[in-house]
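The following block contains the structure, expressed as structure tokens.
The chains carry the letters A, B and C, assigned in the order they are written, with residues numbered from 1 in each.
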Amino acid sequence: MVVFEQFLVILWRKLTIFRMIQQVEITLQPKSRGFHLVTNEIMRQLPKLPKTGIINIFCKHTSCGLSINENADPDVRVDMETIFNRLVPENRPEYEHTLEGADDMPAHAKSSLSGVSLTIPITNGHLNMGTWQGIYFCEYRNFGGARELVVTIIGE
Amino acid sequence: MVVFEQFLVILWRKLTIFRMIQQVEITLQPKSRGFHLVTNEIMRQLPKLPKTGIINIFCKHTSCGLSINENADPDVRVDMETIFNRLVPENRPEYEHTLEGADDMPAHAKSSLSGVSLTIPITNGHLNMGTWQGIYFCEYRNFGGARELVVTIIGE
Amino acid sequence: MVVFEQFLVILWRKLTIFRMIQQVEITLQPKSRGFHLVTNEIMRQLPKLPKTGIINIFCKHTSCGLSINENADPDVRVDMETIFNRLVPENRPEYEHTLEGADDMPAHAKSSLSGVSLTIPITNGHLNMGTWQGIYFCEYRNFGGARELVVTIIGE
């Protein structure tokens, strides 16, 4: 019986490890139009990460986006805004969806270009991004307001 | 022994919960060139979703794409087509890959811009997208035919 | 007691299956600027894949990217480079981030357009991509050097 008991204790510990999925909904404070480094704003709203796994960050809106890019020189974020505005200019006569403002339809298109969801590896309990990588929140509207994210953590 | 039996029953129930991954291959019916809202066409082909987790939808083709964008005004989908055509125009003299038609190479490039795969959170047994979000299938070919998706559901 | 033993053996086997997450860091050899088919270079550095699941491939850099596109005609990769250069041209007077060379800021923007991370389904122990799909590594710098990827495999 003692052997069985020990066996069951080991089993139980293994099972505890298998509680693999955590999920939280978090809010990003309102931001000006442009590209913002939000790694810290996101991370401080998350529970303790598992040792190994992935994190999925999903933005519940259609006129902003998420991306991963350089975390150092702020000029990169300025130029990103310039480049995305050049890719999808406002006030083009061919646009049909114009009722919500000149910035609205371009914001939708930019959102599909950058995407609204990131999947990042977790290693040794931390996001395993490169030295120069950070999480960008891309606000494509002039006045986007607070933005909601769903964060799903899968790991063990 | 009774205590052991109860313990094993609890263990077994926990294990049943841990059957975490489901996967299905589904088909989208042929669509005209452009952006199509396909949330319902996909969802009705899926098994019951787990309580918490993620879903990955992967498109097995190189001249179409998947995106998440506005589910309300159809004008958004019209303008998306206009904008993507402006981003990657057809019949440019510098293209080398032209044997499969004028729409083919631009379709490949658009596919890399939108991506062919989405990862969406599952919460309380449903896709946890925002109120205005829907799944877009982006058909970049003039005659793309039926398209195959692999859907992987990870949850508990 | 014999029944219990058998039961515990079954439990244990189930638990072994549940070791669901594997993760490795791999290196891609230095590549010329452009789009490269790297399915084989990645796959030969991976452990045996599980029967069913997903693989996430994450690039730890901000001036290159990953994409999925046509694995057959090399002209597609040539035209992809042409198209991405047209989308984000070099040496525009409005760029502010110019200290690291004319190819640097466009490389950051292209990285956000293609993305740096792929999630691909695993079926029957193999990547379940379409017949014509392959993994592209997109080197947006003139001299990018070796590039590091984190590969996370979730499956059972």
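Everything that follows uses one rule, which is that contacts are C-beta pairs under 8 Å (C-beta built on N, C-alpha and C of every residue); 3 or more make two chains touch, one makes a residue touch a chain.
All values derive from a computational prediction rather than experimental measurement.
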{"item": "Shared interface numbering between chain C and chain B [over half = same, under half = different]", "value": "different"}
{"item": "Rotation in the CA alignment of chain A with chain B, degrees, nearest 5", "value": "120"}
{"item": "Centroid spacing, where centroids are CA-atom means, of chain B and chain C in whole angstrom", "value": "18"}
{"item": "Touching two or more other chains - residue numbers and ranges from chain C", "value": "4, 11, 15, 18, 20, 87, 113, 115, 119, 154"}
{"item": "List of chain A residues in touch with chain B within their complex", "value": "4, 8, 11-12, 15, 18, 20-21, 23, 56, 58-62, 87-88, 94-97, 105-106, 108-109, 111-113, 115-117, 119, 148, 150, 152, 154"}
{"item": "Chain B contact footprint on chain C (complex, rising order)", "value": "4, 7, 11, 14-15, 18, 20, 52-54, 67-70, 73, 75-76, 78-80, 82-84, 87, 113-115, 118-121, 123, 128-133, 136, 154-156"}
